[in-house]
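Submitted below is the structure of interest, expressed as structure tokens.
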Amino acid sequence: MTEFLLIFISTVLVNNFLLVKFLGLCPFMGVSRKLETAMGMGLATTFVLTLSSVLSYLTQNYLLAPFGLEYLRTIAFIVLIAAVVNFTEMALKKASPLLHNVLGIYLPLITTNCAVLGVALLNVQEEHNLAQAAVYGFGAAVGFSLVLVLFAAMRERLAAADVPKPFAGTPIGLITASLMALAFMGFAGLVKV
Amino acid sequence: MNKQQIVLTSLVLAAFTLLGVSVVAFMHQQTEPLIQAQMDAALNRQLAAVLPAGFDNDPAASVRALPDDVLLGGKGGALVYTARKGEHVTGWALRVIAPNGYSGAIHLLVGVDAQGVVSGVRVISHKETPGLGDPIEESKSNWIHGFTGQGLGNPDTKGWHVKKDGGVFDQFTGATITPRAVVQAVHNALLYVEQHRAELLEARP
Amino acid sequence: MNTTADVVVDSVNKPAPTGPAYAQLALDGLWRNNPALVQVLGLCPLLAISNTTVNALGLGLATLLTLVVSNTLVSLIRHWVRPEVRLPVFVLVIASVVTAIELAMNAWLHGLYVVLGIFLPLIVTNCIIIARAEGFASRHDVARAAFDGLMMGLGFALVLVALGVMREVLGQGTLLANAHLMFGEWGRGLTLQVMPENYGFLLAILPPGAFIALALLIALKNALDGRRV
Amino acid sequence: MRFPTLASPHIAPNNDVSRLMKQVLLALIPGTLAAIYFFGWGVLLNILLTVAAGLLTEAVMLALRHRPLKPFLSDGSVLVTAWLLAVCLPPLAPWWLPVVGISFALVFAKHLYGGLGYNLFNPAMVGYAVLLVSFPKEMTQWGLPQGVAAQALGFVDSAMYVFSGHLPAGVAWDGLSGATPLNVYKTDLGQGAAWSSIQQHSVFSSLGGVGWEWVALGWLLGGVWMLWQRVITWRIPVSMLLSFTLLTLAFYLYDPTHFASPLFHLLSGGAMLGAFFIATDPVSSATTARGQLIYGAGIGVLVFVIRGFAGFPDGVAFAVLLMNIAAPLIDHYTPARPFGRKKHE
Amino acid sequence: MWTAIVVFTVLALALGLLLGYAGQAFKVEGDPLADKIDALLPQTQCGQCSYPGCRPYAEAIARGEADINQCPPGGEATIKALADLLGVEAKPLSAEHGVEKPKMVAWIDEQVCIGCTLCIQACPVDAILGAPKLMHTVIVDECTGCELCVAPCPVDCIYMQPLVPTLEQWRWPSPEERLAIAEESVAGSVRMDSHQHEVAKTGRAES
Amino acid sequence: MSERILYRFPGGFHPEQHKNESNAKPIRRAAMPAQLVIPLKQHIGATAEAVVNVGERVLRNQRLAKADGYVSAPIHAPTSGLVRAIEEHDVPHPSGLRAACIVLEPDGLDEALQAFEPWPDFGEIAPLLLRERVREAGIVGLGGAVFPSAVKLAGTPGTAIHTVLLNGAECEPYISCDDRVMRERAEEVLRGGQILMHVVGAGKCLVGVEDNKPEAIAALRAAALKLADPRFEIVAIPTIYPSGAEKLLIHVLTGQKISRETRVTERGFLGNNVATAAAIYRAVVLGEPLTRRVVTLTGSGLNAPGNWDAPLGMLASDLIAQAGGYQPDVARLVFGGPMGGFALASDEVPLTKAANCFLVLAAPDAPVEPLPMPCIRCGKCAEGCPVELQPQQMLWDARAGDFERAEKQDSLFECIECGICSAVCPSHIPLVQYFRYAKTEIWQREREHEKSSVARDRFEFRNTRIERDKQEREAMLAQKRAQLAAQKAAEPVAAEAAVDDKQRAILDAMARAKARKEALQAEKTAASEDAAHE
């Protein structure tokens, strides 16, 4: 249990995907202008990320490894992710049209979110087992969503700020992200592995 | 739902998969031996840096896992690479762990010659504070070269400490923990070699 | 937004009825619609792999190559792909290209391959590549698609290298450190000590520094554009 | 007859920003005096350096942004930021350290956001954190307090050292500097020592650390005065100190060998300064009443977590920055409950 | 190599079936986005956006063909609303499409009007009353101020006049506007030194 | 009288009182000026409709304009004279816009009309009739909100009023007209209170007066004793601005917190200003319509501050001349008090029913607007806000143009525009200005949105019409051709008629929809204006 907790804390706070590992930055910068949007994106990503973390683990260990096809990992994973995303969309539409309305537009964006493929690849690199992969994927997603939502709230406050012209928009967003990363460095050493 | 469409779709996708995978698989066949060679070469370069010069075997290939031992860091995963000249063992490279760095474990490769003298040490990975604990890296400072030529009696046990603790090894300004941990780990590796010399000389992977 | 630019370009450029002029494509990729500075895509490698010039150069070139090849292939196959599977097929093509490049780098530039780590396979999800495949290559002829890939790739790589230079010089005071990873042993001689020996503003090579460096570059571009407009 | 139509209300204002800032500066004096007494002239040098460089940076940035110099240079906020950063820096730090810190803080954490009032992060703490991660060597060389240090430097010698790095003959750097109590605590605990044995170290005293406790009490005094003057409200300092004390107490009671007493935690490092002067920075903190309680409590928890379990000896700066991140969201979820409205309306 | 090809072909076939199914299931119906955009446009129907009316412009935005800053009557507020809806950065009004002007209404000089009905035909919202050979009047409440009736008038008797608010419709100026008004007003009514203007401007959000 | 437990409302502010300048001398009766300018709208709601013609001679108390709708009030002549004009004239309004006024030239005879039958024994009169009298007499709230009193008296169906509240707080600095009215006409005020209790069937009348007016409290208590009516309770409340705001006053007196959505009548309270009560007394007992009011002329810019009983329509310049004219360094003219009032550009504006004060400030007391600095989020404004808002958040919203957030998240419309936040802000930000702007901007956007929907409907309708016309024309052509070919006649006419019917039906439907929307809109605006002033 402690082990899972440590993995979770590590992925959410210490090695946050966005601020430390630099994965998933495009949607981070792109869909963080409004709090509501950011929440939708966070929810959708959490679901897809956790699911694809587990599925990619299975693919790696039951499809690629037995046949010695590890070198085709990237292809297998990305196709898998595309499928998962497509499916999520479909399932959502069937199960809850309301939720689909909220999340629908974000789902396609997730295919090209580095974090999803990144989690799959890192699971392999860190030699996680199934349960670890699941926690790792979930933790990464929670870390992603947390930072995304906090960032969106900050950017909303920036709307009235007197930001110098050349820095308005993306640059000041990046500066904010930078100072967030600086603050998150305070968690360094929280989990010693 | 149009079934024909679906089948067609999947066929198109399959066709492109086939194409892509074939190309990659072909590429893989071509590069596989090269990659293996590159990986060996990289490891060999590392080993050569710490092992005493003049071996003629492939130390990368003569690798053996070592059982857990506090002297090796106590976290498992310790390895030993043996260097030989002919049948004669000229030294070992031990992959050990310094468990008590400032921010966690420091992974080391410690080269020891057959006489039990350090022939070279390298840090493989660490999480110490950049700018404070990282002079242990070879690329950042020469500090790590300070071990070369030292053995168990030279200096004596008291000397195997950082200067602040009365030993002979330098610490860094503002950072004692990291060098302390490394010195201790190297010393422990020497002790391990001393205690298991016979075993190390004989064992073959 | 790419589409908007394309429309404008289309209307501006009369002599080439089949698509935008090459000069326009070059201008777009390198400056006006620069993938990193304007579209703000491909941020992950941009920030993760720009701590040294050599890493930046390595990944920049790999991305450039991927873009050219994938744009070319996508343009070639654009007529045979059904709309429902367009995205998966493109992704597949890109993934194949990237894997091939990855294998090649592993074989011939092993040191760099190790340093770039997972960001090499992650080129697959670099949003620029899919964006160009979708937004440009799938609608234009092979030559233009390839050229667009080249220019977009160059635009990206140049920004990546600029970031690498900024961060390396500021952060550790050197330039082209570890050049041997890319150029082999003779590359060691290329490393320059730009700042005094013990210099080091670590922030520049830490994560916060990456964000700031990119912010400064984008702001610089905005300022330059602003003055012209 | 015609008259100018100015905005209501039509009464003269009785308060302004620079007055507020001056009150903060006044409140900083007791703690600062104590710090100078215990840690030497380096503290004063730090303040002079940050203030000078801060004013210069502010002026340059205002000019670049085409904003009027006079009202903003005289609002006093730079002085507060500079002063607060200065007292967080190691005394006798090389001159460029405070200069780089304050310049970075004002440029990146303040003016790129639009200057006074618009920054999302506490500029002083941004300066401190940037210095800490960029120059850990310089940032961890702390002067030993009066009574522990073997020697002491006069003002001129201090200035000489700060600007040139040369000590007068016969003075050794080791006699002047050493680890702070929190650093000793963190390091020794990390190496497995017990709290009781750690306390034997010369920098510890009965309350906190030698000197540190008086400095902390100085901040407390200034803070209480600010409360009385209504410069700050009680919510942030009280909730922060409360959550911090409760946590340290709980852990201390649970395992007194491995956790220090709440008293030590409160009276060492930046806890007091943080509670009254830094967490209370109005611009970057939460502003709703309920939000401020959450914000303060969050800082208390984070200081405890970072001091106790993460890599840095003191967590105040990072805790404040982390809660700065959360402040807009906290404000969003603690909206006004207008007069007469029920909770869930 | 052959294992690879076989394994992946099977995988692709399977996924392809699923994706094909998904592709069929997800055919986009209608364009709800265009409706949402149209609801934000001022419905002046003036065509300054270079589209024949608000709805076509809304559809163009929804298709990603038109930028959000092309509607001068909507001005800054509309651009901001569109930016919020679409999750993009707001930008200043595109100069080539025009400038934001105060709200106007058409007024017909009835002495001059010859009753030609050309303006009636031009008005997109039927805001002009009148019959052939009779003088025409504008229904002020219906007029959107699109100016489309001005050009067709053969005797140039249609003028655009600023819409004067009634006491009920009057809106307080924002403090920024107030300062701007004060700046323009006759000297002596409000005196401010130049740096006060500067400061007032600093309070204004840059867009 | 037993001591009542008083409650403290959140926030609040202690401005300098400046009451002594004007409250020392008794109310003086203003001399009739040469001209009266009587605005047709002196109340919240629809503008009254003039019922006299230019050139017509009118008598005092004669009705000049009739109420136009339920939420409206008639206007009566304050003296006899000639109607010179009905035209646009400067009126006291922050916009500086002109509005329709009746210009009356007094003939000096002051011939009166007995407008209504006096009802000294109002206890015998049916409440309904009394309410009608209040309406006919043109009585509106004199506490500032000028809401037609008869509408308020109708209460909320289904809830009984248990307490009549007479608001004598007069919390704004400088103003003392209510103070003088309470001192000099205490009995009228209380008799008015009795009428109100009778109309709404309340068993209690609370009179809240800030404790900085001890003479008024004493006078009221003496009057209550004299009337020997145990239902009155005269309560001295602490002097904190804005204790006169109705819901805050109720909180002070009873501890109840009533939110904006709830009308006080729904909780069984009827609140009226003390001067309103006195006016109701005069209308009922003496049969006089509302044609005069007591107004405070005060401030350091005046030579002789004091309170005047003046006819409605008298220009401020005439009033000020009677108050000894301006000091040489006069700098500002404010309509109302210094906290909630607005500055006037000209003194050529008439006294209206809303005018409780003309505040004339000399330069030293009328600081140029101090430099606004950026908001430092210090929260002083929130601390002072009596309705527990977060002004700094609303400011942020208003500046970012995020009106939706201001309204939904930050409850902009709860703001009572008391001005405390502006007064205490260390950055000197004119916060209330932002809120007034934001509120009116939101209304304007709603209006524009309405208008654009209508425009869309009309545009689409026109397009379909054109399309149909075209088709019809083509159809006709085709038919003519067919006719020519087949020589048939009767059918097409019927078809055309049918189309016409359909078109008319659509037009009718549109007109109906429009009317309904307008009605809704008008109601909403009236309601929100009302709320904003409460």
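To keep things simple, chains are lettered A, B, C, D, E and F as they appear, and every chain counts its residues starting from 1.
Note that in this section a residue touches a chain if its C-beta (ideal position, glycine included) is under 8 Å from a C-beta of that chain, and two chains touch if they have at least 3 such contacts.
Bear in mind that the values here come from a model prediction, so they are computed numbers and not experimental data.
J.: Treat touching chains as neighbours: how many steps, at the fewest, connect subunit B to subunit E?
T.: Tracing touching chains, the least step count from subunit B to subunit E comes to 1.
J.: Looking at A-F and E-F, which one has the bigger number of contacting C-beta pairs?
T.: Between the chain pairs A-F and E-F, E-F carries more contacts.
J.: Which chain's C-alpha centroid is most distant from that of subunit C?
T.: Relative to subunit C, the chain with the farthest C-alpha centre is F.
J.: In angstrom, rounded to a whole number, how far apart do the mean CA points of subunit C and subunit E lie?
T.: It comes to 37 Å between the two C-alpha centres.
J.: Taking each chain's centre as the mean position of its Cα atoms, how many Å separate subunit A from subunit C?
T.: From the centre of subunit A to the centre of subunit C is 22 Å.
J.: How far is the middle of subunit C from the middle of subunit F, if each middle is the mean of its Cα atoms, in Å?
T.: 65
J.: Measure off the straight-line distance from the CA centroid of subunit A to the CA centroid of subunit B, and report it in whole Å.
T.: It comes to 32 Å between the two C-alpha centres.
J.: At which residue positions does subunit C touch at least two other chains?
T.: 84-85, 88, 92, 95-96, 99, 103, 200, 202-203, 206, 208, 212
J.: Can you tell me which residues of subunit A touch two or more of the remaining chains?
T.: Residues 30, 71-72, 75, 79, 82-83, 156-157, 159-165, 167-168, 171-172, 175, 178-179, 182, 185, 188-189 of subunit A each touch two or more of the other chains.
J.: Mind pulling the residue numbers of subunit D that touch at least two other chains?
T.: 2, 4-7, 71, 108, 114-115, 118, 130, 133-136, 311, 332
J.: Across the complex, what residues on subunit E touch subunit A?
T.: 3-4, 7-8, 11-12, 15, 18-19, 21-22, 25-26, 84, 87-89, 202-207
J.: Using the touch definition from the top, list the residues of subunit D that touch subunit B in their complex.
T.: 133-137, 140-141, 187, 190-191, 311
J.: Over in the complex, which subunit C residues touch subunit D? Could you list them?
T.: Those in contact with subunit D are residues 200-203, 206, 208, 212.
J.: In the complex of these two chains, what residues of subunit E are touching subunit F?
T.: 38, 41-45, 53-54, 76-77, 80, 124-127, 141-142, 144, 165-175, 177-178, 189, 191-192, 195-196, 199-200, 202-205
J.: Could you list, by residue number, the parts of subunit B that touch subunit A in their complex?
T.: That would be residues 17, 20-21, 24-25, 28, 103-105, 127 of subunit B.
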